[in-house]
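Scroll down for the structure; my scribbles are underneath it.
Chain naming follows the written order as A, B, C and D, and within any one chain the residues start at number 1.
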Amino acid sequence: MDNTRGGPGNRTGRIVSGALTAMLMMSSAALAQQQAPMLDELVSSGALPPLEERLPANPLVVEPVESVGVYGGTWRSALRGGLDNAWIARTVAYDGLVRYDREWKEIVPNLAESWEVSEDARTYTFKLREGLKWNNGTPFTSADIEFAVQLHKEPTYVGPGGFLRNPDNPVNIEVVDETTFRFVFENPTGVLMDELASVNGLTIVSLSKEYCGQFYPPLNPNASEEAKAAGFETWEAMMLNRCAWATETIRFANPDLPFMNAWMVEEPLTGNASRVTFVRNPYYWKVDTEGNQLPYIDRLDMRVSDSLEELTLMALNGEIDFQDRHIATVANQPLFFDGQEAGDYRLGENIPSSMNTMTIQFNMNHVDPVRRELFANRDFRIGISHLLDRQEIIDVVFTGQGEPFQAAPRPESPFYDEEMAKQYTEFDPEAADAAFKAAGLGEKNGDGFYTMPDGSPLQITIDTISAFRTEWTDMMELIQLQLEAGGIDVELNNIDRTLYYDKRPLGDYDAQIWQGDGGLDVIQEPRYYMPSGPESVWAFRWQAWFNGTTPDVAEEPAPWAKQQMDLYNQLREEGDAAKRDELMKQILQLAKENFPVIGVSLPGNGYFIAKNNMRNIPEPMLHAYLFPTPAPYDPFQWYFAAE
Amino acid sequence: MAVETMTDIPVSTPIKRAKRESQTALMWRRFKRHRLALVSLWIVALFYLIAILAEFLAPHDPGAYSARYTYAPPQGLQLFSTDENGGWRFFPHVNGYSTEVDREAMRRIFVVDPEIEIPVQFLAPSDPYLLAGVIPMSVKLIGVTEARAPFYILGADRLGRDLLSRLIHGTRISLSIGLAGVTLSLFFGIIIGGFAGYYGGWFDSAVMRVIEFIRSMPTIPLWLGLAAAMPKDWSALQTYFAITIILSLIGWTELARVVRGRFLSLRTEDFVTAAQLDGASDWRIITRHMVPSFMSHIIAAATLAIPGMILAETALSFLGLGLQAPIVSWGTLLQDAQNIRTLASAPWLLAPGVCVVIIILSMNFFGDGLRDAADPHGR
Amino acid sequence: MLGFIGKRLIAMILTMWAVSFVAFAIIQLPPGDYLTTYIATLAANGDRVDPATIEALRRQYGFGEPYMIQYWKWVSGIIFRGDFGQSFEWEAPVTTLIWGRLGNSILLEGLAVIVMWLVALPIGIYAAVRKYSLGDYLATIGGFIGLAIPNFFFALILMYLSFIWFGETIGGLFSPGMENARWSPARVWDFLSHAWAPILVLSMAGTAELIRILRANLLDELKKPYVTTARAKGLSEFRTIMKYPVRVALNPLVSTIGWLLPALVSSSVIVSVVLNLPTAGPLLLRSLTSQDMFLAGAIIMLLGMLTVIGTLISDLLLAWIDPRIRYGSK
Amino acid sequence: MGCVMRLIPMGGKNMTQKPILSIADMSIVFSSPDEADIEAVRQVDLTLTPGKTLALVGESGCGKSVTARAVLRLLDKNALIQRGSITFEPKGEKPVDIAKLKQDSLPLRAIRGNQISMIFQEPMSSLSPVHTIGDQIDEMMTIHEGLKPKQARERTVALLDQVGIPGARERADAYPFQLSGGLRQRAMIAMALACKPQVLIADEPTTALDVTTQAQILDLLRQLQADFGMAMLFITHDLGVVAEIADEVAVMYLGDVVEQGSVFDVFAAPKHPYTQALMSSIPKMARKADRVRLSPIKGTVPAPKDRPEGCAFTSRCPHAFEPCPTIRPARTDLGNGHHARCHLLTRVPVEEPA
């Protein structure tokens, strides 16, 4: 599935854009462009220039999912607490230079109408649409991109970084003209397009030079003084506050901050706001196939609530038009199912990108050499895996939803490997016993528990977080009973999330659990297949060695892991998607052989809640964060059917 | 006037003594008069009995789960059964379920099927266990004869665990927890508050500052902070007892303040001055004369404190600071029930809430009865 | 009397200082700091922050400085510039965040206190005067049930029932659109139509307790000879009770006013989360869990001060209405 | 006994006066849920006449206070005036039977404090601790005479002055606990007299006080009685006090008035064995030669519930004989308003008991 990204992506990029321009010629000739009724007033009063002047030369023409829609309506949804910026990222903010198509297969043009990658994969040339405008009417040009790059080169400015701040592969920008610019990297890079298309690729297009420049000393000599006067310690602090990037919460606390998105801030998300609203951006640069300016929906109204119960009731009461986040849980499913009639909404299917309901990561870098050796022993992990009665867990906790599954790519993924996904998943105490023998564990003691090779008692403490995923508590309770029945003495240590992270560098934890990321976004999120980053809890010190982030705890990895790292480095620099996938497959092969992380079960499909009169919502949706569902399904072309 | 009074004719003294002897008896008699209090006393006693006999009374192990019976509704317990010709016979049994899984809605649908009659046996044999952790036993008050047959008198929770059994075991934890804290805060409250109010002066003001200070901290952040600072290797139970003690260290202030206030106004009363002039020791004056004179308040406060502790436990659990699974307490059980899904489709899981209400009601009535009985100038 | 007030004022200032110190200590208690939590949260979203950024942030926030220095920076800022520091999460001065919510808290809790007294006084007096009457039992049982139900649970049930019965979701303090409107009769009405639920929940337990205490005190007072004296004067029964025993029985109650506050604040934290009220509660909870220390510190401290002032008021009231305390404390 | 002597002419002067308050055949029963009813006072007859003082004497628990409180209907709910009447007949008004009045009814309240007022034993606890003396006295006049607070206060100050409280104006603003016991009692008296009552009931007004203060208070009371010419019902267990203040005396034992009459008669020639016993328990002033030892009463007062059907004193009476335990002795008139309840008196007289 990944194989059409990047390289081929470029080609399609150009083709598509070409096609679009053609279409645009036709459409603009054929039928006059439409705008939302709520704008007519403003235009006739002269407060707003006519549509033609607001739209770019070649607006992005969007193919509606079902049909061309009608203007109007307010999309009601909810944020959990004031800092739930992820939901805004998933609805409003996803408009980068490029974006993923609705199948998460191709990278398609967005703000950039086309791009080119040099053969050595060092130089990326982008062509922006002509006449793009921020929602305040000022033009969006290469200068804005340049500004973002420049800002992130400031050592004192704390930005999200990403490829702009990657020390291993510094990047420079060359502005060719108003609409053309180049990224020039020191080393080849193959993952740029994916980063730009993902939710992390928005920073580069989120800062208006004209507005944000005023807080930036090089552009405004008095910036520092003004910041102090405004009560900020430094200009950086004020910049972060007034001009936050991409999806940062406070970005939506400042109504003056220019946007390129379909909706713009109306009632800001301040610390004590009990709701946030967005209103249509009159300068939005997308049209439907009949040339109607998007979005169809006038407003977004997000209730800010810390109470899941309130949100649940609101949804049941039909006061939510579209939402999946927070409330669409397994436990609530029957509730929402029964409520459809009364609440006049429907349940749609979500296919999670996650490949597992829970992964158990034994700490192969344990500070205690004995335990390190034990946990690093593949047979030991195999034994544990065989002691899990996965079907029982699935039946009890997930009402029979899902199937036994290891930490492996999802069936929908091109990297899917049934053997990898299914190995050691059958409940088989004998096999387990054999495996433990092979791992050199001592005989069971009086309590019926296996002992350390030296005969000393073996007790394993698994760190869990009950707060983060409620079903984890239930799963761990069952797993504890199952393992103990199988002869492994397990202690559950339910701790606060911060501690969870504090313990990692220290390395004195037996095992931690987490969710199954990387089921579809295999290349971007290989944490369970190889020691790729701090989230690879099973080999934290190896990843430290790999990333050079925390050198004090870095350790040289096992040969196979090192081999994976080499492969991944090659992958990063490979321009050709097909070759990247090939490298990834090799990494996965190594993962399969060494079986570092134990999985439990494949998550059943999730669901979203949508009012019956809300249209153009495709089904099923792929659900991920890098692919920030539902944004890739173009909410700006959703609409409320008149009934 | 050289005229002697007749109060000192020897007849008056014995009367007084006679009164004092019968004080406790009198109190008990007064207490019995308070019907509600008497009933409550029995209820409280019953609950504590349940707490002690938990293992014997609970039909299942509180942790035993069953995939087939998640959210199974209560079966109830029938003692009689009708045979075909409509006659009644004594046949304790529960009705089985017919179940199906609704894939679309992701749930099991249960229908209690009166046809299926699962015989229930009193004093049913069971796997051996230790009653209250000491007495080895292998019989339970009640159980089903055929193994693997569903037996959920009060229904099952989301993991198909028997609510009744969990409730019974929860009783043990929740009730035991209240006592410790309350006794502690009572002790501190009376001693410190008493002396502060009695001596006044710098000691009083010092104590008052401390109290005022402790009291002016809203408890939730205290709990949050302290819970986070608790050593991580402690078991949930240890942690909770620690928090209980912390609670009582905050709780004593309330009592101390009441006591002190009373003392301040009592100091001026004649009988105290009298006692002082008699040369009675301060300790004696406080314990013998002043404390009894508002025993009622102390009792009222104490009875209010125990339920307070129980409620505190539920509140803590709500914040995720209280006990954590797999430990079973009313608090953790309530925590499970704190969502719309439960309210809507498994209301029987609110049973712990009912228990909390009942025990707190009875404890309050009980204390109220005591209060009136202990009242020095009762009618 | 003046001396009395003066002493109490000085004491209050000292207490506030102590409060500030402990507030700071508490927010320092949990392991790690805002950044660890921040990273944790990002990671949970599958997001990542590179260590360089973290280091920069750490420096910018002045973490790692000695405890006392951090504390002094904080407190001096408050005293001299009224600056409570920056909220990490909101990248904004704390002061811009708290006042609105604190206002809501005070408003709600104030209303709750008033409701408590309005309800508790008549019932408590009735229960004491008509001891063991049906009314007494009803009042007592009602009161105890009020004490017995965990308030967040009550709130939850209330929410659910109002949804089932009236198809209303009673969350928040205002209906959509009214949140940011300015005060007007319409808004007041809208406020009341939402606030009844939280006020009901918040005042429930307190009312029950007040009834209880009042009844207890009054029962003691009713037996005092001065009541007979009053009757012997020819006062009507009603006036007798109102002017004398009730008056005396109120004293201990008055001293509880200040004490209701912290309890109220604490319980309102939980209730506010269930009912989604824009009070200081949820903000505090949130900032504590995310270790947004200056925000949390500011809220704890202000709530603390709120109660200290409440206590001062109640003490002055007590001294004012009860001569024995007034002269006893000289 | 000088004082007793002095009383006679005074008593003689007011002979003609018709009674203002007469209690006739009054019984008071206390009921309690879990015990048998107790007849605390049985068939008592008392009369008060203006300007005169009737002393009610007896040991604690003999029912004297109950009787006194019954007059103002101040008994608790569980006390019931089972039979008899309390007829109050102020000059020029038609008689009212207080026993028949409703609790908290206007007529009753009009009498309380206004026409009949009362002084209590413990001035400390009988005065509200949280109101100033002034407030509590003003109230009398504001409720009964509808005076404005200002006027009322003026009267109060005058009263306080009259009852001999130095610095009355300031003291009016003082709280009870700021005054000495004696002053408190004076204040109490001032309050009682605020509305110039025609009957004053004093329930052991001097018991809580030291001897000297006691004397002062008694003088004060006598003085005031002379000024106001009111009738006084004076409850005490102190025969000395009786001798000092009373014109007539009624001796109570376990709810019975065993003997009543003018102080002179009763003291000089006690007819009831109990009275006699009391008298002999007082040291007499006499020549050394014929000084008699004090002879305390044998036995103890039985609890009300084991009180015999007949004469309550039976269990301790040196002269008890057949009828005593079973038959209740009748109220025998011994002339000159002197009555006693004793079988000895109705029996065919053999010899007078010494």
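By definition in this document, contacts are C-beta pairs under 8 Å (C-beta built on N, C-alpha and C of every residue); 3 or more make two chains touch, one makes a residue touch a chain.
All values reported here derive from a predicted model rather than from experimental measurement.
A comparison of C-alpha centroids places C closest to the centre of the full protein.
Distance between Cα centroids is largest for the pairing of chain A with D. Among the pairs B-D and A-C, the greater number of C-beta contacts is found at A-C.
With each centre defined as the average position of its C-alpha atoms, the distance from chain B to chain D rounds to 53 Å.
Between the Cα centres of chain A and chain D there is a gap of 95 Å.
In this assembly, the C-alpha centroid of chain A lies 40 Å from the C-alpha centroid of chain C.
Chain A and chain B have centres, each the mean of its CA atoms, that are 48 Å apart. Residue numbers of chain C whose C-beta contacts span two or more other chains: 30-31, 156, 160, 251, 285, 322, 324. Those residues of chain B in touch with two or more other chains are numbered 228, 265, 268, 338, 340, 344. Residue positions of chain A touching 2 or more other chains, listed in rising order: 309, 313, 316, 496, 499.
Within the complex formed with chain C, the residues of chain D that make contact are 69, 72, 74, 103-104, 109-114, 117-118, 120-122, 125-131, 139-140, 143-144, 175, 177-178, 191. Chain A contributes residues 308-309, 312-313, 316, 330-335, 337-338, 392, 395-397, 399-401, 466-467, 473-474, 477-478, 480-481, 492-496, 499, 604 to its touches with chain B in the complex. Interface residues of chain C facing chain B in the complex, by the touch rule stated above, are 7, 11, 14-15, 18-19, 22-23, 26-27, 29-31, 137, 140-141, 144-145, 147-150, 152-153, 156-157, 160, 209, 212-213, 216-217, 219-220, 223, 251-252, 255, 259, 262-263, 265-267, 269-270, 284-285, 288-289, 296, 300, 303-305, 307-308, 311, 318, 322, 324-325, 328-329.
Chain C contributes residues 224-226, 228-237, 243-244, 247-248, 251, 321-324, 327 to its touches with chain D in the complex. Listed in rising order, the residues of chain C touching chain A in the complex are 30-32, 36-37, 39-41, 43-53, 56-57, 60, 83, 86-87, 89-93, 96-98, 100-101, 156, 159-160, 163, 167, 169, 171-174, 176, 179-180, 272-276, 278, 282-283, 285-286, 290-291.
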